[in-house]
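In the part that follows, the structures are each spelled out as structure tokens.
Look for chain A in each of the two complexes below; its partner is chain B in the first and chain C in the second.
What follows is the complex of A and B.
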């Protein structure tokens, strides 16, 4: 699965709006790839990453085209879309959510496919909070009194 | 406790069963801990029983709770704590909308309705102060005279001024941060020159954004006009010590509870997680007081032990002994039954559990008031989006509120209310920010940069205003027991019957109207809505509202002037059983618009004096344990 990590990070960057470096910095890429692959199977994951490669290649560096291609090839695909949305959820809040019923019926059940926090650290590495200049509740505090200042919402 | 080791003060079933102590206290929460510390310091031999785990006194134990919270998918207000089958606790998600006449027996609490109440408590060392938020407001002088002033509810058998010295003692013990100059309203009087131990928590960016546009807005209620002002909220959270405290002696914040030196918890870092657990222990929890009690070497702690029955001498009314059940495995069936004797017994297990134990012991009181007059604050939540990013999800959960309407002549007709500005967004009302992420990803089909911008627009601008509404004592609101419903150990589970009266609902309706005006004044986008299928949904005057519980259970062993219509006297001593005290919010005759913890802690300082006097031990004057700057 190691060969899939770069592709997974590239896809994750496109899905989350955070750079690959920022995502790598959370230390969670391997865990999320393993969690998703363990539940949806290697076949689905490989197809997802291939679709992501194709979207990137056909966009040729055009951001708007890249987004449109991701919608066409992945987000609107019955098989790949729900998995992509779950990858976003993992990066943002550290949790895997059970796949929709139609997906499970069409593409297979997994005993691990239930709502769960990937690990205690995955929660504290959630990107939702830094996206709005805040900290995950209960972790990574910014220090006494910083809440009196305007939020620092930075790209990254 | 001064020796090294993991839990040196924990005693065992074998060491306790059949023994006699000066005082046995049921419950290690703030009530029990305050009384244990005061008595232990005076040389009384005290045993504290705790239903939950005793492995909670080291920093490593605490870290386990933090990790449990991180790893919990449902981050409810008890999610940081183990929930043993042998001493279960209520969880808010067990609350369900009840069809008329139906009951809900799914959780630990049996809910009979008609109003479903999602309040909980925590059965763990330190009790519900482990998950409390830490707001430490005093009650107002008027709150103690509800019947005399407003013809509603009940008067207390003591006045605000009688409790002033004990409030000071409680503010010291809990370590309250706040500025007295922000608390000048509604007749609140702290005495000349008094300051709180620590300066106020800095107001949040959101608080100040709101204050800028809201301060000076006038509200008229029952012919009286109240100018509104955003004021800092006193809270038991470590901040900057006030050098003027204690006549210039200052105050040293108490940090993390630990059996060895630990440099942690001396100041709030803004984790925005006061409930259910402050990861750095900047928030007060009762383990601090309990630890100090254990350090007197006169106090012992028996954990994993549920008090199951008080036995009373029929001739004298005295409690002769207490039956208890100690378990080894938190979840597997099996326990040992023991008995312990004492000169004085104190029930300090919270308003629900105290009543449950009394009723399980067939002791409804000569007034038949045990378990009755159950109170809790009813919270109406209102929420909106500020015109621009306001920095939601940062800082302590609340740093400011609107207090000016906490009392007035209107209380003849409708309940008192105060308002808190939430720094933690809409989470309480909507499950935000998870629900927002879900909405953006699943319904708005956003990803990448558009998703990030969506979160900024939808989460950082969130403003939730909670409306904390008074509930009067009402004998039909009650805790009872029923042999049909017992827990794994065979102890009766609490059965809750609760309804909201028009007195409370009128203020819910008023508060919704006021919140609309506030949002209009701020240019905020009102997103408030109430789901008819949600627990706590009620109709009043043609409009629907959802009322949420405040976890401020009170009134079940109500205080009064005689055995005819109350359970305890002004020292929390049982009228019927001269060597029994029922301590905590269960004794309160009204709850006003203050979170109950500071007041019940103050009452427990008063109770400790009474117990010491009764035992013939000289009581320290409360004025010396409080402070005047």
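What follows is the complex of A and C.
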């Protein structure tokens, strides 16, 4: 699966809007790839990464076209779309949510496909915090007196 | 860098500027080791390293207070204040260099040298030498230990064997000058002192320095928390000195009261030397691919660190309330630290902050 990590980071960067560097910086990339692959299977994951490669190649550096291709090839695909949406949620909130019922009925039901937090730090490393410019509640304290100042969060 | 015996106020200022540079120079190596520990592992080692790093920050602040008290001007923004690693310590210890490296036995062995007790306290080691220009003749390439040297003709350069002896020389200089000048020595503006109202939860008391007694108390605190100038494992307050805290990690066991040096008899310290990001030692920006997001991230860290030092300098130069904001900014630096250390370089090592601080 190690060979899939670069592709997974490229896909994740396109899906989340954060750079691969910033995603790796969360320390969660391996755990998220393992979680998603363990649940949907390596076949689905490889097809998803291939579709992401294709979208990138056919966009040729045109950001608007890249987004359109991602929507066409992945987000509107019955098999790949729900998995991609789950990967986005995982990056943003650190949890895996059970896939939608139609997907489970059509593509198999993994016993691991239930709502769960991926790792002890996946919540605090969730992208939702830098996205909204805040520190995770109850974690990453900013220091005494800093509540009187605007949060300083690098958006990445 | 060149230090000579303190005979006037300018010499005292130079020593205290070197003291600030020295205290600071220990912090990047300690933080690199600390944050290279994978989060959630090595809890005991993490806390030992963290406590020492935080106390070095206290010492840095105390040195700044003493410098302000005697009419000097703390400035952490001068080029060379942050050394390029590997680096010699700015008190003229020329027998070893300090690396910025991952948590490892080698790192802890270097930390023991940084915190070593005064000569005589450790059997079988070299004694202090105050030789002429020895540092320039030892054949080592010197990096960045760029205290602005002002050579005083006829005087011998000082090279201290330990940080404790360096502070002893400062204390003697303070006493000598105070005997000559009286309280006029403490001509600094008391409003520049960073007092306990700006400091919290960080390894003991921060004190304002306004006279000889408070200056000596500050020096005593620094010396005792660090290596001590004696061979005591524990100080008056029952706190264990840095040297022995680190030694516990190598020996795998805690010291307790009554133990002899090198033979701790407390409970075991669990250390997992493998639960560590294998960060590249003494990494430089040039080690990261040009145009890469990693390189940008590492440059962002260096800029943020430079901004942090500028803010601290302003706090020392008359705006002490900024100290709170500067300390708060350190938590953000920690986040950037982890983001960089999680990046593999493709050769089996990981990236690390480089501390190449941009100027101008």
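Everything below uses one rule, namely that the second predicted complex is superposed on the first by the 150 of 156 C-alpha atoms of A that agree within 3 Å, B and C clash if a C-alpha of one lies under 4 Å from a C-alpha of the other, contacts with A are read in each partner's own complex, and residues count from 1 in each chain.
Quick note on the criterion: contacts are C-beta pairs under 8 Å (C-beta built on N, C-alpha and C of every residue); 3 or more make two chains touch, one makes a residue touch a chain.
Worth saying up front: this structure is predicted, and the values here are computed from it rather than measured.
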TODO: Have a look at chain B and chain C on chain A after the superposition and call it: clash or fit.
DONE: fit
TODO: Return first, second, both or neither, reflecting whether A:50 touches chain B, chain C, both chains, or no partner chain.
DONE: neither
Task: Which superposed partner A:133 touches (first chain B, second chain C, both, neither) - done: first
Task: Contacts of A:142 with chain B and chain C, given as first, second, both or neither - done: both
Open item on the list: Looking at A:106, would you say it contacts chain B, chain C, both, or neither? Reply first, second, both or neither.
Closed with: neither
Open item on the list: Between chain B and chain C, whom does A:89 touch in the aligned arrangement: first, second, both, or neither?
Closed with: first
Open item on the list: If you tally the residues of chain A touched by each partner, is the higher count for chain B or for chain C?
Closed with: B
Task: chain B, chain C and vertex chain A (Cα centres) - angle in steps of 10° - done: 70
TODO: With the two complexes superposed on chain A, say which partner A:120 touches: chain B (first), chain C (second), both, or neither.
DONE: both
Open item on the list: Tell me the contact category for A:15 with respect to chain B and chain C: first, second, both or neither.
Closed with: first
TODO: Just the number, please: smallest Cα separation between chain B and chain C in the overlaid arrangement, in Å.
DONE: 6
Task: On chain A, positions contacted by chain B and by chain C - done: 120-121, 141-146, 149, 153
Task: chain A to chain C touching residues, read off their complex - done: 19-22, 24-27, 120-121, 140-146, 149, 152-154
TODO: Can you check the complex and tell me which residues of chain A touch chain B?
DONE: 14-18, 67, 70-71, 75, 84-85, 88-89, 92-93, 95, 115-117, 119-121, 123-124, 128-129, 131-135, 137-139, 141-151, 153
Open item on the list: Going by the contact rule set out above, which residues of chain B touch chain A in the complex?
Closed with: 66-67, 69-73, 75, 202-205, 208, 239, 267-273, 277, 279-280, 389-396, 399, 423-424, 433-434, 437, 441-442, 445, 447-452, 455-456, 459-460
- [ ] Spell out the residues on chain C that touch chain A in their complex, using ranges where they run on.
- [x] 39-40, 200-201, 292-294, 296-297, 300, 324-325, 327-332, 335-336, 338-340, 342-343
